[in-house]
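Some structures to go through are shown next.
Two complexes, one shared chain (chain A), two partners (chain B, chain C).
Moving on, here comes the complex of A and B:
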């Protein structure tokens, strides 16, 4: 029989009151596993909302330590955490928000050699990484292992996100094919971002994870949501699965994972 | 089967949260007797139960409180 402690009933009361979440949806959240790759601008708010929602197990993957320049947007890390591993800083905050959550910190960068082992066993993955090579790697690995995930990217005042249901909806590679040429990637001086834009996008990704797990509404599949926070315009572009996609089509040309070139700005993240 | 729950000591929104939990724990076809106070609980519990596809079969006043009989 479904049961909650008095404290859980009160903690999750605003979820339980929602008809499309309810008692059953909250139970699903408590029995689910979400992996957040990157404890940065997107991963920070995503992890905090997943924690608050009572996701049973939250994996956090990152190899970096907290730096002072992170604090303008990576709200899971505090000034006192400078120098600490991001995954440990994130674990502390997640447990402080909600002691019901089990946190699995993974101190690593995802690579072709380790990503399958890292994502294995999770119900949903949130891509909070900051470079194209890793975004394609996450896409390909999630498609191959049939794990739904949320893609997210931000730059300056802009954000974009889509949810991929492997083999069922358009994947990142259906739409973007391959990483952009180097001269199209912003240089250091162009790589600023408004802190709150990271919060907006990471929060959308968390909402997608919670919706996927509870079954509430429809996830952002076969669609790309983009926004520009300067005029605060949101746009949703319909997408279709590419029948010739290199990874998710019937006859994929990519059948094993390889590391792309890590073209990442040297600017301290 | 008849089940009962007393939410006269609860405050909004825990009134509805407790009823929703109880409804999730009983079998379809079972009856839930909810004892509640007038005002917000009396307004919201029967309405929300109906919205969720349950049937409110009777609302009966007893002293200062009400019994709302909900068929799952």
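Moving on, here comes the complex of A and C:
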């Protein structure tokens, strides 16, 4: 059962030393699959720590190419990668960090029509997207397919994250119900973000994936962790599953995935 | 009355305020997009105008945050 090479024993020695990870936990990591949606500010550090940890298979989903304005925070992409597809740039770095990892690059935007196929077979999903319609789509798809995932959001000096254990803990829709009207909430590309804040949040998301897979500690379920990096205050808001949640309650009103929910909501108003 | 808002103890002058009034009183930006929890329960947005906040209530305002990669 234990079939580490000498080089793997050395590579993962600091994990193996941890009581709650150990050889067993490291084997679990090496046999696991993590999907990272968005190879941007959150997905970059998340992918790098998952790679370093020896996650067996890492899927990376993104349709964009690297731009110079990405480099201030998307640390998996280097100056030489400008113009390259983000998924290919990410694949190169993941393989350079750890050749044990198999990378599955998916050049696509997730949509209602493709998301179920994309997330299928993964043990854990990391949401690194910057678009509320997509965040709700990832939540709904993960709840429906019972795949645990980490929500992450950042803006300026602030971050928020929660881990969703479908049907067991509060989901993103329990908290936020539906996407805000379009253009109401500024995005990082409009309002800015401190690069290191993206690193903090994406790293927390990676830690959640590693904890979930190894079973170490307790994941950030039924709680929303928020932080403000200016005073460097962290706060954990306790959450409960919303019994009226449109997607994860006993009698959900959302039973199939749809695109463009923002528009639907606007029409209802 | 005394309230706990986002983990901080606050003194609110009024003795009786609705959630809508409290959002305005606390200077919350874009109140239409904020999720509100009182004593651990989420409020339906439709009840913001009528739900009265009571002395000792623990209130959380939760904000939308995007971030990451533009999709």
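As a working rule, the second predicted complex is superposed on the first by the 254 of 269 C-alpha atoms of A that agree within 3 Å, B and C clash if a C-alpha of one lies under 4 Å from a C-alpha of the other, contacts with A are read in each partner's own complex, and residues count from 1 in each chain.
Rule of thumb we're sticking to: contacts are C-beta pairs under 8 Å (C-beta built on N, C-alpha and C of every residue); 3 or more make two chains touch, one makes a residue touch a chain.
Bear in mind the structure is a predicted one, so any value in this text is a computation, not a measurement.
Enquirer: Clash or fit: chain B and chain C on chain A?
Expert: fit
Enquirer: In the superposed model, does chain B or chain C contact more residues of chain A?
Expert: With both complexes superposed on chain A, more residues of chain A are touched by C.
Enquirer: Have a look at where A:174 lands relative to chain B and chain C in the superposition and call it first, second, both or neither.
Expert: Only chain C; A:174 stays clear of chain B.
Enquirer: Regarding the shared-chain residue A:232, is it in contact with chain B (first), chain C (second), both, or neither?
Expert: Neither chain B nor chain C is touched by A:232.
Enquirer: In the superposed arrangement, which partner chain does A:9 touch: chain B (first), chain C (second), both, or neither?
Expert: first
Enquirer: Which partner chains sit in contact with A:23 here, chain B, chain C, both or neither? Use first/second/both/neither.
Expert: So A:23 only meets chain B here.
Enquirer: After superposition on the shared chain, which partner residues are touched by A:96: those of chain B (first), chain C (second), both, or neither?
Expert: A:96: touches no partner chain.
Enquirer: Rounded to the nearest angstrom, what is the minimum C-alpha distance from chain B to chain C in the superposition?
Expert: The answer for the closest chain B-chain C C-alpha pair is 37 Å.
Enquirer: Can you give me the overlap between the chain B contact set and the chain C contact set on chain A?
Expert: On chain A, no residue contacts both chain B in one structure and chain C in the other.
Enquirer: For chain B, which residues are in contact with chain A within the complex?
Expert: Within the complex, chain B touches chain A at residues 13-14, 16-18, 20-21, 24-25, 51-52.
Enquirer: Would you mind writing out the residues of chain C in touch with chain A in their complex?
Expert: Against chain A, the touching part of chain C is residues 6-7, 30, 32-33, 35, 37, 40-42, 44-45, 60, 62-71.
Enquirer: Please output the residues of chain A touching chain C within their complex, sorted ascending.
Expert: For this pair, the touching residues of chain A are 37-43, 62-64, 74, 86, 109-110, 127-132, 134-135, 152-155, 158-160, 174-177, 180-181, 184-185, 187-189, 193, 198, 201-202, 224, 226, 235, 237-240, 242, 244.
Enquirer: Quick check: in the complex, which residue numbers of chain A touch chain B?
Expert: Residues 1-4, 9-10, 13-14, 16-17, 19, 22-24.
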